[in-house]
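Consider the two complexes below, in which chain A is the common component and chain B and chain C are the respective partners.
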Partner chain A sequence: MESRILKEYKDSRSLQSQYILALDPISTDDLTHWECTIKGPLHSPFANHTFKLRIDIPQTYPLTTPICKFEPFAMPHPNVNFETGEICLDILDTNWSPVFNIQYIVEAIVWLLNEPNFKSPLNLDLANLLRFDDLKAYHDLISYHLNNSAK
Partner chain B sequence: MSCPICLEDLAANDIISELKPCNHKYHLVCIRKWQLDSNQLKCPYCQCKTGKMNLKLNKLNSVVRIVYDTKKSIDDCQICGLKDGKIEFICDECELGYHESCLHDVSNDLGMQTTWRECINCQSEVVHSERNSNMRIIESFKRLSLQDQEEELKEVKVRIQKHVRNALNNYYEAKKITSEQFTEVNKLVSRHLYQISNNRYDDQTHHYDTLAKSRIKMELQRLGYAHV
Partner chain C sequence: MNSTIIEKLPYLNQTSHYILGGRSVVAKLINTPYRLLLALFDAVKLQFWEQSNTDEFFIGQRWILNTIGFFFSSYGVICFITSILLNRFVLLSSIRSRRSNTNNTTILPSRLRFVLHFSVTLLLSIILFQPLLNSNLLSYPHRLFIVFTLSYIVETVVAISSNQIPLEGSDYSIFELSLQFYILKTMKVNITNSPELLADCMVAIASRIIIHFVEMFNTRKSRLLMSTCLNMTYLGFLMYRMSKNGFFSIPISIIFRHFPKLFSLFIVIASFTCYLLACAVRFNPTAFKLQNLQDLKFYSFMNNWSKHLNFNGDEDFSTIINKLAILLYLGTDNKDKNLNNEFPYVNVPLEINKLFTISSYLNFNIEGDEEIMDEETIIAEWGNGVHNNTSLLTKFIKFLKKCIANPNQLGNEATFSDDTQVDIDEKAYMTEINDTILSNDDDDDNDFNYLPDFNEEENIDDDDYDSDLDDISQDDSLYIMNALDLISPNTTILHSKKNLDWYLSTREIFSKHLQSQSRLTRSKYSTIKLNNSSESTFEENADDLSCAVCKANQRNIIFWPCKCFAVCEDCRISLSLRNYNSCICCRRPVNGYTKLQTK
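And then the complex of A and B:
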């Protein structure tokens, strides 16, 4: 596990991505805790905002999935628990595969911002707006939360 | 090329497993760990269902074909039907699993407390086991690979002996040695050749024909069989 995470760390030094602004271990002495800053995708209600992710790598990685959360941000998204930042994403659960890596997970989370899934909600209010196709209310509620917490 | 699980190189000395039908390659250790941990046989890379793998065993310079033994899951208790991963007894005959407490319950109900260690299907004795279906995969895998190694070794011996027999035939056809002498020398020389080539057939390093010839000469002289 250690050598794998070390390799990922080295690869992450040369990482260039439109939406991943930073992807670093909290301390270089311990590569099991990472912090990541992502940019909201264009044409999504999250555009022009940045979000922080906390990634904890378990000892059994890559056989088991890293634990990813939005932190410390109260994140308004149908598949994110507003209070805890917990993310519901298939590859972080049953569809995990050891060939995925930290960068792939972060990219999947960015993608999730653009493609919310109301079928596995952690935020029922937003999921219901999406389910009934009330996109205006969906966008407005997200902007309201985002602007509120920015202040 | 590197293993997608540990990201280390798939080096020539490693045992490499190539999943079938997708041909994606992993270290055997890595893919086994994942299969046992996730309890599934999908390829981590392309998610296709795999039922076989080819193993490259560099020690024997060969490829071993392994078919997973996924016959039956013995995860659930045949009496209570629960799939709680706590199966304590297994009937090897019908590959069925039981909880110890459930077996006791049944035998108590039947008033035959002493015969609780019986498969309710075939009445043969159940064996205590921590084995689950995963362990079975590994066991069958071990069996298969051992068998293949033996076959591999046999083939190596046959190929080496061919050189020795060829060389010895010259003496036999010229009636310099009898057939018993032929067998005896063949045995001695072949054994020597297996040893020096480390039980592998490697005609790049060893020139078997020359080696066989000179060794045969030596043995024949030592045994006083033929004047050469």
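And then the complex of A and C:
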């Protein structure tokens, strides 16, 4: 497990991505807690906002999934629990494979911001807006929440 | 006045003791201080015993007094003197042997050694049989202890004089015995009242006799055998007493001395029983192979346990049994502790009885699909059958019938099938092409004008054979139609998955042929393939062939049927323990794996 995380840490130093602004362990002494800053994808209601992710890596990693959460918790997204920041993503649950790494997970979360899935919602209001194709209300509600939390 | 005091206190009357006889001045000068000292010593001794027997002490004080008393008791003094003597001997011998390293000359002639050992053995035997002959055993511990120390001295001196390591018993050391006898004396326990104690003493003597016997006849190697017999007899006796009178009837010194042996013996027996049970589980009467047992974690240990123990035969029983128990208890976990680092870090199961397989990551190599299906149904049958005994019985009878019907096939199930290499001769090659075309014609709308799009062909990912099956057959139809002209169609229609797989494996050759301008020969095909593979696969992974899971070891496992080459042996095992059944790369179900020999 150690060598694997060390390798990912090494890779994260040379990480260049459009949406991942920072991917760092909270302390270099303990590589099991990571913090990540991502940028909202361009053509989504999350554009021009940055979000913080908290990643906790269990001892059994990579055989079991890391625990990923949005850190400030007030994240308006159909697949994110608004209260706790919990993320509903298939690769973080049943479809986990040990070949995925932290960077891959973060990229998947960025992708999730762009393409929400209303079939497995954690935020029912937003998911229902999306289900009935009320995109304007969906965008407005998200930007309302985001601007609210920014203040 | 003086005479009355001396009469009252007899310890002051030391006139009968003297060093020098006669009535000379010198004799008086020497004898008077001697008598005074003796009187003082006796007075102190008497006072001490009187004091220690009264009840005016706390437990702690009594304990301290007893401890001090030990150093002045005859046992303590003898033990002290003997240990100093033996220590000097050993030190002296080490100096001497350093001087004369080359010549192993013995100082004592062998006849003298024999006589010394024999005399001590005689003494020991007298002591051994004394409790059986007469009942007057008040000074028995005393005599026993003296003979015991004598035996120690003789053994050490003789062994060292002949440049050997003296044999010692780990159960009974002089110090332990002296302490035990002293405590028995202070507690006023008569040794004859307790058969366990008496037997303990006799075992101590017998163990010394064994040592001398072995030394006399120069058969050190047989000591362990004798010691084992003796100890087993005594432990049996102890067990009998324990079952008769209860655990606490046995004196605590004996529990301390012999319980570790009992406990070790228990560990050893339990471990061996577990191992035998594991062997029984592995035992396959239809196809007996030693390999089945080789997968067991303790296989190498059980085969080489005497080497692991590293014994010569001149150790005594308790040393060996404790060592064995420790080895068994530590098992394979303490790789770092250097005790048994010859165990491999991960024990690779070469082959496992399929009835116990949970994850298919444990299947070595590919097997025929039908066989796997069979085993799955068997597992399912067993799983269902567990719930009600009657159906289990019927299933078992069915299973037995199956075994009887074709025992050879059952034996083969455990091994990987030999026909993984498909014989490709030209006739089979062509007939199979025809058959696939024939079966294809039924499904498709015979569009012969369809021209294969080569670019699209290239886009088809190698991983997606199953989904793109129809496209492939259409693309290849042009070439295959040419082949049809040459060969008359054969009527056997091949629906089985095996043949389909074979057909799919030839697909690449077809596509290469379609792309190449001239006739494709084997050498041309191999060069094309070599170039392509070096371009496509090795470019991305050229620098990193480390395992995708742990990133520490080199990859050496290929999963079948998806052919993903991503993990190492250790990770395969840890994945299989977590019941992964699909490939970690492509998520397709895994039937088995092949291990590559890297380096």
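Worth pointing out:
As a convention for this text, the second predicted complex is superposed on the first by the 150 of 151 C-alpha atoms of A that agree within 3 Å, B and C clash if a C-alpha of one lies under 4 Å from a C-alpha of the other, contacts with A are read in each partner's own complex, and residues count from 1 in each chain.
Please note the rule applied: a contact is a pair of C-beta atoms (placed from the backbone, for glycine too) under 8 Å apart; a residue touches a chain by one contact, two chains touch by 3 or more.
Values in this document were obtained by computation on a predicted structure and should not be read as measured data.
With the two structures aligned on chain A, chain B clashes with chain C. Of the two partner chains placed around the shared chain by superposition, chain B and chain C are both touched by A:L63.
By the touch criterion defined above, A:Q18 reaches neither chain B nor chain C. In the superposed pair of complexes, A:S27 makes contact with neither chain B nor chain C.
Of the two partner chains placed around the shared chain by superposition, chain B and chain C are both touched by A:R4.
Residue contacts after overlaying the shared chain place A:V99 against chain B and chain C alike. Once both structures are laid onto chain A, the chain C stretch out of 314-322, 440-448, 512-520 or 548-556 that overlaps chain B is 548-556.
Comparing which residues of chain A touch chain B with which touch chain C, the overlap comprises 3-4, 7, 62-64, 97-99. On the chain A side of its complex with chain C, the touching residues are 1, 3-4, 7, 62-64, 95, 97-99. If you check the complex, the residues on chain A that touch chain B are 3-4, 7-8, 60, 62-64, 97-99. Contact residues of chain C toward chain A in the complex are 548-552, 566-567, 571, 574-575, 578, 584-585, 587. On the side of chain B, the complex with chain A involves touching residues 4-8, 30, 33-34, 37-38, 44-45, 47.
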